[in-house]
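In what comes next, subunit A is part of two complexes: it sits with subunit B in the first one and with subunit C in the second one.
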Partner chain A sequence: MRIKIPPFFSLPALIRKSFFAPALILIVFFVVFPVLQTVYISFFSPSDEFVGFDNYFDVLSQKEIVNVEDVSKGLSQPFGLGALVHNMIWISIHLPLSLFSGLILAIILRDVKGASIVKSAIFLGMVTPMIVGGIILRFTFEKNVGIVNGLLTFLGLEQLTRSWMAYAETTLFALIFGSVWLWTGFSMIVYSAGLTTIPKEYYEAAKIDGASSFRTFFHITFPLLKPMTITVVTMTLLWELKIFDIVFVAAGVSGGPGGAANVLALQMWNWAFRAFDFNRAATVATILTALTLVITIWMTRYMVKK
Partner chain B sequence: MKIRKTTIIIHVIAWSVALIWILPFLGVLMTSIRPFNEVLFGWWNFADFHPSFNNFVEAWNHPNVPLGIGMRNSFLVAIPSTLIPMLVASLAAYGFARFSFPIRDYIFAFIVLIMAVPQQMIAVPIFQIMNSLGLVDNYVGLILVHSAWGLAWIILFMRNFFLTLPIEIEEAARVDGASDFKIFYKIVLPMALPALASVAVLQFMWVWNDFFLALILIFDSERLLATQRIPLMRGVFFVDWGVLSAASILVMMVPVLIYALLQKYYIQGMIGWTVKG
Partner chain C sequence: MATNTEIGIAVLVIIGIIVSASTLFYTLDLTSRIAAIEEKLPPTLTVIGPWAGKEMEAFLPALQRFERLTGYKVVFKTFRAEDLAPILPAQFAAKKALGDVIFMWASFIREQAPDGHILEVTDQIDKADFSTGTYDPVTVDGKLWGGAYTGKVKPGFWYRNSTFAKYNLTQYIPAANGTYADFVTLLNKIEDTGAFENPIVSGDKDGWPLTDATEHFLITYGDPQLQKDLLAGDVSWTSTEVRAIFADRLVPLLAGNFSEPIDWTTGVELLWEEEYALYFMGSWITGMVDDPDDLGVFSLPGVEGFVFAADYFFIPAYTEHPEEAKELLDFLVSEEAQSVQVAQGGHLATNLDVPLTAYPVVDKRVAELMVGKELLLDLDDTIGGEFQTTLWSQLRLLWTSPTALDSVLAAIEAKAP
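What follows is the complex of A and B.
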């Protein structure tokens, strides 16, 4: 049912507009305007000359963003590949790992006594401030004091023990696996909520038809969880692109030894607030935002189609 | 009744996973309550075990970056940064849910899109604006940015909630001559209390946990927030893991307690925000 629209300038119409006014003013001043300003800066040189896309070519050819030399050497020298490449590596490892661990846990925990305690334990990483998460990761991977090296020693792999965050070859991967530990709770919770929406009859029918649990999963569970999968993929991608705090605190402000774990958000901050090169920083931010917007539009279109 | 073998296996797996997951937290907790020389070769060695709160006291009164003041500062920022957007966004969300006007849906879609923007995208202009307004190192500036930043998701969340409310009550009130504002705060807001609780829990946690916005707007060592003090406690050459762990526990205690006590609202907020959104 529709409420009748009063004429534009009548008192009731103005009252209705005043519902939106505070929110729109705040959003325009502190979000929309700064976003446009950032796009604007990214097209200008430090001396305020319009330079078109020059900043973009410049930034993408910096070795902090894409280290062409090291990338071409391939994985024989798997560090300092540039922030953009690191973000991509992060996505390619972290997304499948956290998504499927969350899904498997959600499925297993349906039939477990005390599942809510187990879930809370896994979800703790999502509640923890990322700055603290980073400290915990650093500690966990530290030589002598950290449990990772303790377990390696226990397994007789003492020669592998080291301060994982302090070596260029391992910083990025230690952080990525650590971030799986922090983030898996998210996909587990979303999938758990999704699983409760699947009617029990479907499983009973499949059982009567003699379907294996493997087939039941691929033909019933996974397809019906598609909206959750879309949500988890989107939110996880956005999180991976925006990653900042844990690298800042665990690997250091420059992104670890030789920038081995540098990421886009961190490089943006370094250019803006340590080098005071606002144009380069704005360009990185715009690239980052373009990536996140593509992902979000893809998700919204899917959700609307549904 | 015979317990099936697979049931046992599943329980063992689930509980082992939980145990492994909790190990890093346990490590930090153990390190925080013990003198550092005891945990130098692993907190899992319990040959010597002398628990104490010394590390917590030391972190709280840290000589360079006392965490106690940081915690107070974080509350000073997080409480208004939760209440302001809650009120402002609820008003707008109600408008989006109930009033129709020509470009409503476009504005709404635009606001949803804003949710995807990373904080880095506003960093440089926000710093410049606040600098020219004299609001760098001032909590008013940070609170305004946090409030504006939280609006998008709260509007989306509250609008979806308002759409589930039956419109008949509001229409009856309107027939009785109640104004839009009166309907909003006398009828709609009281019904929205559970949803508002979810918003409060999530927004407070995000502001408390935030690091980036504080990093670009607060520089004065007296005014640093709790999350900003943690990296500064990590010395350059020698890391006192005892104090650092105690500080970590203190800072994460706040969101963890909120989660433990208000889990229902947290999960509802999380699910409503993502899945239904």
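What follows is the complex of A and C.
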């Protein structure tokens, strides 16, 4: 009796699959193994004892991650709230700002002559290495040489000039608002591409029906840009969760005055490479991975549904 | 019978094998010949250090002197300690090293030495040739793990002689045996000129320049022993003694007299442009200004000790040239190398044999200020780790939010040894 080999294991199929091997080996060694190892050591103490979730409870109870004392004081003491809270503040301010500014710019520049030049200029922020972006931000908000203070002086508001990165109250917000220009280019380009996919007939029909620009935007443009919005939201969320370079360069290794701009990735770096506490650092890395995984799964499910 | 085609293929295969074998043999032979030639060539040593620009230019003459003496080639690469900290442990784990001699924090050297990543150099160095305590930060269990090159002292407040002369401020410079009130008088006189944004510019970069100024206050209004006790963890940052120095001496000056923290290199320019009158900075400032002879410096009245931060370096265990690296270590700690370095300005020797005549005028003044004073280890560099970043960030907070003093001290104490 002849044994029938399933097509999956046939020689041609195996040969085809073997072409994946080099990439697969690299991914296993340089991505999968480090990730698993990181998760693994997050369950161990520095003396290699299994501690279950103790590291997680320990990390989440640290002032550097969530400063319960200061969080309870609310905005009366808006600094040093903890890295996790600062990441959330990044998301709640930076995400809508960069998303809507990109959308508005894409719509404004849709039918403008020479728009590509303006778009390229705006997109420059996106192609600038974030380390360089951080240095630019640092000096942008510097009292003596920064453009922000120069602008305030020009507007006759000298009393508001200050080194924005030097004050705990303003460091985080200076970073967030300053980095909007770095990221707006991304949302603008994605939305610009999305706008070209909306058929002109929809707008013509709306015009005939007497729809206002406002209604046209909210009933045609915005709903049809939903896939782009999902993409922009996901990518921006991931960027905001893993943000490190800008804060490291602009606010310093200590995350600004009193840790006022500290974020999860920077705290992970500090625990790993300043305190050499790799278990705590691995715990933060695992928490970050879990958070990004939730977002990625959500986006993947949405895409699959579509 | 084999067909002509099959014979042709067989011949081609045989030729292929012969060519491959010859190539392989030739390559192996060539490799071994190159290796033999390389063995005869003088080795190339790589030195990793934090200096760039003018500071690097001031360091290179010492390396060039070593090249001339030994015939070895030395390559210098700039890496800040902050950047090395995450790279080196990973390299050590892979039994690799970026360079043959690496300048790094003493705390890092102490941390890595017990794990076998650093070559012991106890036999290379005679501690008696150096200032007292110079080698304490790189000593673990009585063994030495690094060398001390030249260093920098944090002597006090720098000013421009010409600026002070222009505004008749020279007469108000507090004498060494003066009082805190004399210092405040000078600040008031500077304020009265109306020519400056603030009397003192506060340099900042991650917070370390603020730490230097704070240490100077602690040493002056506590004493050198207080600084040593803080370093050892024998005194709390929230103790009455420490709090009083902050509350009575430093904090009252933060509003109005010290500027808000400004990038420290910009601070040098602003001092030079007469935007500010005074700048608390290390002795390396003399290598950063156009005319070092126009610089003057004074300490807080009554100070009995100065922080002296030596530039420590180590030889990684994974160097390919351990013997040559040790020769370089011998040279860098020698009177000869350090004389070359201090002559460039901004550095002070750790080797006691370096004569005062080796220094430029302005550095000689600093060296004179140090006479009879106790030399102390840099508090944050010596402890390192989380304490260092916490101290930096909390002092940055204090500078702009002086009312947060108690929470600042509590946060520092939480990470103190």
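Keep in mind that, in the parts below, the second predicted complex is superposed on the first by the 292 of 306 C-alpha atoms of A that agree within 3 Å, B and C clash if a C-alpha of one lies under 4 Å from a C-alpha of the other, contacts with A are read in each partner's own complex, and residues count from 1 in each chain.
Operating definition for what follows: a contact is a pair of C-beta atoms (placed from the backbone, for glycine too) under 8 Å apart; a residue touches a chain by one contact, two chains touch by 3 or more.
Fair warning: this is a prediction, and the values are worked out from it, not measured in the lab.
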Combined model on subunit A: subunit C and subunit B, fit or clash: clash
Subunit B versus subunit C as contact partner of A:145, first or second or both or neither: both
First (subunit B), second (subunit C), both or neither touched by A:130: first
Subunit A residues touched - subunit C or subunit B, whichever exceeds: B
Partner chain in contact with A:200 - subunit B first, subunit C second, else both or neither: neither
Partner chain(s) touched by A:272 [first = subunit B, second = subunit C, both, neither]: both
Partner chain in contact with A:26 - subunit B first, subunit C second, else both or neither: first
Partner chain(s) touched by A:255 [first = subunit B, second = subunit C, both, neither]: second
Touched partner set for A:108, first subunit B, second subunit C, both or neither: first
Superposition clash, subunit C against subunit B - the stretch among 3-11, 21-29, 93-101 or 111-119 that is involved: 93-101
Overlap of the subunit B and subunit C footprints on subunit A, listed as residue numbers: 139, 142, 144-145, 269, 272-273
Complex contacts: residues of subunit C adjacent to subunit A: 82, 85-86, 89, 111, 204-207, 260-263, 266, 270, 275, 384-386, 388-390, 392-394, 396-397, 399-401, 404, 408, 411
Residues of subunit B that touch subunit A when the two form their complex: 7, 10-11, 13-15, 17-18, 21-25, 27-28, 31, 39-44, 85, 88-89, 91-92, 94-95, 98-101, 107, 109, 111-127, 129, 144-145, 147-149, 151-152, 155, 167, 179-181, 184, 205, 208-209, 211-212, 215-216, 227, 230-231, 234, 241, 244-245, 248, 251-252, 255-256, 259-260, 263, 267, 270-271, 274-275
Complex contact set, residues of subunit A against subunit C: 63, 79-80, 138-139, 142-145, 162-163, 166-168, 252-260, 269-276
In the complex with subunit B, residue positions of subunit A that touch it: 1-3, 5, 12, 15-16, 19-20, 22-24, 26-27, 29-35, 37-38, 41, 105, 108-109, 111-115, 117-118, 120-125, 127-132, 135-137, 139-140, 142, 144-147, 150, 181, 189-190, 193-194, 227-228, 231, 235, 238, 241-242, 244-245, 248-249, 264-265, 268-269, 272-273, 278, 281-282, 284-286, 288-289, 292-293, 295-297, 300
